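Okay, so chain A shows up in both of these, paired with chain B first and chain C after.
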Partner chain A sequence: MPILGTVASQFSGKSFSSFESIQTVNITSNTATITFSSIPATYTHLQVRFIGRSSNVSAGTDNLQIRLNSDTGSNYAEHYLAGDGNNTVSASAQSSITNLVLRECLSRNGNSASIFSTGVIDFLDYTSTNKNKTMRALFGHDRNGAGYLALGSGLYFATPAAITSISFTVQSSNNFVQYSQFALYGIKGA
Partner chain B sequence: MSDTPTKIVVDCSTGETQIIPLTAEEITQRETDAAAYATAQAEREEAEAATAALKASARTKLIAGTPLTEAEAAVLVI
Partner chain C sequence: MPATYEKIATTTLSSTASTITLSSIPATYTDLVAVINIGTDVAGNMQVRLNGDTGSNYSTLTLIAYNNTVTGSGTYSLSFMYAAVAGALPLTIGPASAILQFNNYSNSTTYKTMLARYAAAGVPEVDATVCTWRNTAAITSINLSSYSGSVYLVGTRVTLYGIKAA
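Moving on, here comes the complex of A and B:
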């Protein structure tokens, strides 16, 4: 039986990470759209982790709009369910829409200062050329007495082509504000 | 100072990050998206208000012991 240290030395210099940072965008001034382009096809799944806030001066929330491969056609669908800790506060589903959307996702500048929303979005089997692409997301925000947690899912069915770019926009025509952050990760393995 | 909205584009193959003003076409798309959002939001709020009104009416009738309409019963019984 090999000595443990001997076994360990055989893997020296090799990466065992199955979760790797691809790129991170830190917003320093109002920005309308964030795009990750030329996404490498070397992973099995993609994950985006974000912290975001909209420049909208009214209180409340804005939708986070997502487009894949710059496609603006009616090639997307979405489901959404939100709860505030006591009740289901909102639910919806839409078919044949022009983007993926995370409803009521982004805290606004009209809310208390410095309150951001956060979320995790998965794009599964993004390099497959045989399957339409699916997305799942968990997101929410807390406004110290208001706010909620939501689940979102989405389908992109234009073609089964691989995802090579992902764009994020505030759907109400506002901007992402300073200190918003979008980080793209690649997940290896099945 | 320009008021043209900007986008950040990260080329994941090179790591290059660019801050680029939106094109006229992208600004038009952004306005189209915002208009669609406003329409969908208004429709959703209208539907939610109608459901809330049906529930309130159904509760009132249940307490009073009066018959519910089919629509009122539908919002209470899944």
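Moving on, here comes the complex of A and C:
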């Protein structure tokens, strides 16, 4: 591997064995649901890293919806802080909803080509059996100074069971389009 | 399962510099993460360019909390991306910290994005930013430029990591 740059010369190549790839989904055609199932309980935290785009042909954004352990009940809550490129910043919350929500997360197919949303989602202490599960996320997309950028949080309060599956859908039955990618990683504790 | 989070490069400045460049970035990872702890002689925007592109091909959208005020903004046709709006600070005030995420940086079909969080307790300010580089090329170099002729100070440290998906 080459030494990087004229200044960044202290190449190491050191790997961090506590961060591991569990599963990756690369979308090759319109797909309604992305699911990570049979998530092993051998890590301390989970992280999902993604780029994504909705099949919605109108310009704008769509929500990214997340369900844990296939629970379709009203057992979720969400809260966010967001900006859309104007001077206005918004914040809002919902409780007793049927999925976690990353509001206005996904760029639509009606936007300029090649603009995908990006984000990082963390599920901390996902194997605990005595705590409700929480999620935090940073996500957004920029389409020439417009778009959406948000800090999101979520709560799953049905049961303190460990998270064994995570599924993603697009609001209003839209699909994930080709080149969307969701990757699940596990982070080990000491 | 194989380890997938690798340090690609680290630079710690032993003399001042107006730019820091990470070049010849291999395409063997899925995402890049740059962790930055940085100081400058004059406070100002931390500017990021990709693959040496100095054209007006960047845009940015930000959330800014400065003292007790929260604002947002969007800017287009920029010749750089903002890694931080307030930018770096003199080390005597306190170095600024930023983490830059470049997800799926090596594909050749999507515009490339940078998602960043930034904090400068000495200002005090905290930001989040998402930026687009309107180019579908794989990212092979990342250039950090200081604001308007200022320089990055001794002790500034930038570390680039690669994350490899299964």
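Quick note on the criterion: the second predicted complex is superposed on the first by the 168 of 190 C-alpha atoms of A that agree within 3 Å, B and C clash if a C-alpha of one lies under 4 Å from a C-alpha of the other, contacts with A are read in each partner's own complex, and residues count from 1 in each chain.
Note that a residue touches a chain if its C-beta (ideal position, glycine included) is under 8 Å from a C-beta of that chain, and two chains touch if they have at least 3 such contacts.
Small disclaimer: the values here were computed from a predicted structure and weren't measured.
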{"item": "Partner chain in contact with A:87 - chain B first, chain C second, else both or neither", "value": "second"}
{"item": "First, second, both or neither for A:23, with chain B first and chain C second", "value": "both"}
{"item": "Chain A: partner with more touched residues, chain B or chain C", "value": "C"}
{"item": "Chain B versus chain C as contact partner of A:129, first or second or both or neither", "value": "neither"}
{"item": "Touched partner set for A:98, first chain B, second chain C, both or neither", "value": "first"}
{"item": "Partner chain in contact with A:33 - chain B first, chain C second, else both or neither", "value": "first"}
{"item": "Chain B and chain C contact sites that coincide on chain A, given as residue numbers", "value": "22-23"}
{"item": "Residues of chain B that touch chain A when the two form their complex", "value": "5-15, 17, 19, 22, 26, 29-31, 33-34, 36-38, 40, 44, 48"}
{"item": "Touch list for chain A against partner chain B, complex", "value": "22-23, 25, 27, 30-40, 63, 65, 72, 90, 92, 94, 98-99, 167, 169, 171-173, 175, 184"}
{"item": "Residue ranges of chain C in contact with chain A within the complex", "value": "1-13, 17, 19-26, 30-31, 59-63, 70-77, 101, 103-104, 107, 109-111, 113, 115, 117, 128-132, 134, 136, 141, 158, 160, 163-166"}
{"item": "Interface residues, chain A side, partner chain C - complex", "value": "1-24, 49-51, 81-89, 114-120, 138-149, 151, 179, 181, 183, 185-186"}
